[in-house]
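Take this structure, written in structure tokens, and hold onto it; I'll ask about it next.
In this document, chain identifiers A, B, C and D correspond to the written order of the chains, with residue numbering beginning at 1 in each.
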Amino acid sequence: MNTKVRPNRAKLLISCPEKPGIISTVTNFLLEHKANIVHFDQHTTDPQAGIFFMRIEFDLEEYDATYKKIENDLDELARDYALDWQLSSNERRKRMAIFVSKADHCLTELIWRWKSNEIPVDIPMVISNHPDLKEMVEGYGIPFYHIPLTQDTKEEAEQKTVELLKGKVDFIVLARYMQILSPKFISHYPKQIINIHHSFLPAFVGANPYVRAFNRGVKLIGATAHYVTNDLDEGPIIEQDVQRINHRYTAADLKTAGRHVEKRVLAEAVSWHVEDKVLVHGNKTIVFA
Amino acid sequence: MNTKVRPNRAKLLISCPEKPGIISTVTNFLLEHKANIVHFDQHTTDPQAGIFFMRIEFDLEEYDATYKKIENDLDELARDYALDWQLSSNERRKRMAIFVSKADHCLTELIWRWKSNEIPVDIPMVISNHPDLKEMVEGYGIPFYHIPLTQDTKEEAEQKTVELLKGKVDFIVLARYMQILSPKFISHYPKQIINIHHSFLPAFVGANPYVRAFNRGVKLIGATAHYVTNDLDEGPIIEQDVQRINHRYTAADLKTAGRHVEKRVLAEAVSWHVEDKVLVHGNKTIVFA
Amino acid sequence: MNTKVRPNRAKLLISCPEKPGIISTVTNFLLEHKANIVHFDQHTTDPQAGIFFMRIEFDLEEYDATYKKIENDLDELARDYALDWQLSSNERRKRMAIFVSKADHCLTELIWRWKSNEIPVDIPMVISNHPDLKEMVEGYGIPFYHIPLTQDTKEEAEQKTVELLKGKVDFIVLARYMQILSPKFISHYPKQIINIHHSFLPAFVGANPYVRAFNRGVKLIGATAHYVTNDLDEGPIIEQDVQRINHRYTAADLKTAGRHVEKRVLAEAVSWHVEDKVLVHGNKTIVFA
Amino acid sequence: MNTKVRPNRAKLLISCPEKPGIISTVTNFLLEHKANIVHFDQHTTDPQAGIFFMRIEFDLEEYDATYKKIENDLDELARDYALDWQLSSNERRKRMAIFVSKADHCLTELIWRWKSNEIPVDIPMVISNHPDLKEMVEGYGIPFYHIPLTQDTKEEAEQKTVELLKGKVDFIVLARYMQILSPKFISHYPKQIINIHHSFLPAFVGANPYVRAFNRGVKLIGATAHYVTNDLDEGPIIEQDVQRINHRYTAADLKTAGRHVEKRVLAEAVSWHVEDKVLVHGNKTIVFA
């Protein structure tokens, strides 16, 4: 049986100011609620006065009876200990909207991992500012919405998008979506929008990065998946990877190689997000992978 | 300050049959002894009926007063819960003997990481069946013992080695030591001897592996660091890595490339062993790195 | 313009016993035929008495007039110099049959790279011993043939397959095709069948390799793409790669990770084969990538 | 026999504007001079009107008689074809000065690869603005010069350094040398000074890159080896690599991981430079590795 979809499994994420006994407190709490801990991860930014992060994956023998009770009792515990917490369960899959433009490599990889149940998620919709990928998406039985967008109609288009998403979607993946989202839009999904962009050593900030990387003769090209914040491409990094290239690669070949890194890195990041393995702390992430 | 050598830090490794509440029990125990948990890692082979592994790194405010008491009280706790445990502390560095033959690449890497305090260990001696590296080793102020060894004198030589090590050494690193240790010798240091050997995809078992890998035209060569058991090169794997090669590499070039992977992989494995990050379970390891 | 599909580009592969002046002879020949060399790669197993390998990519200004003439004149040159040679051109795409069983990860990757023109190939058919992937394949407009196969009907099924392929296919990719081809079948496509299989450090020969790799606690899993010969999984290696794993991976997780390496490695190998970048020498390959 | 030090082997590097027949011309020339080509590499930036690069490694049967003649005749050929060329031979090893400050990891790696003859080079001197590494360097029988340097004495110190190097050194490696060389100094060794610096995805330009990379939570850290030009850290890249890290790494741990990538990448780049495998074209390199 695929453990990713065990129905009676729950995941608890906690962050709080470091204080003695916090692990005991939480594990005692779970023990009292007859939760059987399967994975436990912890990280502290500073054992004296830092922030403490914890991820606990646990099985419930009588799921229906206890899950709700844990949720309620956590509320009380959280007040006493100043905990930020988030509880989720395999009973209810996360719902992911994918935003695309014309490039299909990231989309294809996400759909394949969804179909093969590697990423246990629901995909209620794909949204695009171009119609090109409509047929492909609908071929998988996923609703596709074409919301064209110009500089003038951006506010309106975003408003329409927000309405489309409302109540149907938990998080958004920008799978090479070539539009910049407004702060207002982002505020609806804080730490719930994942983006992918190319990365180089050293960085080439600004226009035509592949051409400039080509001109500098870089030997590696990379990709970075991150949560979207108002600072373009500057949000907390979830995952990165690189691919080796050489002087024979044309600027076009660099883009091809870039696509392969992008799809791999994005799919990995989405997978961890879906499994509640990523916590955000300021502008960085803790990934319990 | 280098956290690897914080004097008041201790590390507790525990393994036991899985049972509910084990995390609570141990973290409550540490809380009562005023231990401040810095890192906590856990793994279970099966949440229902498997083996449970735990590594806890903690700081003690009054080290001298409490460390000894924790050690004593753990003994009692262990009886009640059928725990296997191991407690160590930065107060007392591990003592590592290095066995070499003629090749110096792994030795050089270990010495450099020791000198730069990347691996916080003591090196009371280097032992070799050849005299070649004597001058180099002594240049670093490390005692060097040349114990020649033929098929006829092997038992005697091993006996001499055991006496040399007795009471002075906690674990042994075979840094390209080209002799097979007897089961009798190994029994003195169970799970405390680390070896490095080349690895290929696919494997070439038997003589002249580099020549045969060359003849097959492999595209990657690798190295595996593992604990030594009586099954030659079959003990629990600690770390592995590979390096990309191509058709231009001669069999000699493969060996050179192999040296670089070997020294990197061995140094990493030794580093984890020294920091008590490796637990052995049957013929595999859990590495909390 | 995608250089992979420049219509006036040709590729010449040559192998012959090493002799002085062979590079001059061939480049003079091409110069006389007004071929403009774009890439030149060379390898020798031994400059004194080895085998010499050469790959030349060149553009022809008047393709129609000169390509045929080069082909004819090469024939003569080859006799004089004992050359093995192969000439191909972007004018005529290679035709690839894909054999699959039930797993679709390799197939999906190949189709995506074909669709995005990363691999400039024609796919006249997909053949499977199971019907499962029929709908998916036909959705891309590719003919799908279901040829069931039991131990008893194997000869007959292979005969049927040979007839289906005849004159329509240049090479075959086994994209996780879970049947062993007979020597007779293989003899129809020497060095023209590419297979992918998992690889481990060290190797686990025989049944249930993933379970055994899991039990040994390997830290890397890999994949090997190779040409099929009569020695099962022992043919010339085209490409290999690995992926890092850890003790948290279940045996099922190992398989998932394995899929990602497999699809990447196979697609890379196929891409090089299509671009005539792979030469076979005995049981190894020279890859001019 | 180590082919890197075959005494009768020579290496010819050529660059010139692309024109038909250039490969024929040069290989015919070598054939006439009884040079047996062992490796041949070629690259063009554009087959129509680009720059053509060529590296030929060849053996001479009567080295003493022919090497000098080739050198002379090349001069004439070069005039006719507007070739830039460079001829070198294993008879005369390159001479490398190493500049260091206090960190010894890159220095140690270079010395080890020199001692084990992996990098066939002479090291006539190590120069440092600090005295710390004197004893270590002299222990290997290499002269060590301590040339202290303040902002006020920089010009004078560089002048002294230039005199020390004059006639004794072919190229310089900055093995974590923490001083910026003046344009005047650099002009003495164009494309003959190799530097190593850390690299991140994305880049952190300016002060305290490791701290800022830590604050952003990067998942990879890298290193770039490049030729030094007047634009600080902006010269042609020779080699790059990365190492995976995670949220557990402190800023100090990042530096440690960085050291390992730095030493590996620098040693690789130096090795290629010594074997004349690197050609510079504008601000990028062609590496025939």
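Here is the rule we use: contacts are C-beta pairs under 8 Å (C-beta built on N, C-alpha and C of every residue); 3 or more make two chains touch, one makes a residue touch a chain.
Just so it is clear, the model here is predicted, and its values are computed rather than measured.
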Listed chain pair A-B, B-D or A-D that repeats interface B-C [over half of contact pairs the same by residue number]: A-D
Comparison of A-C and A-D by number of C-beta pairs in contact, larger one: A-D
Centroid distance [mean C-alpha coordinates] between chain C and chain A, Å: 36
Between chain D and chain A, distance of the C-alpha-averaged centres to the nearest whole Å: 42
Residue numbers of chain C (touch at least two other chains): 39, 248
Chain-level touch network, classified as line, ring, star, complete or other: complete
For the chain D and chain B complex, residues of the former touching the latter: 2-3, 39, 104-105, 108, 112, 116, 118, 139, 248, 250, 252, 256, 260, 264
Interfacial residue positions of chain B with respect to chain C in the complex: 43, 199-203, 205, 215-220, 222, 224, 233, 236-242, 246-248, 282-287
For the chain B and chain A complex, residues of the former touching the latter: 20-21, 23-24, 27-28, 31, 34, 36-42, 44, 47-48, 59, 244
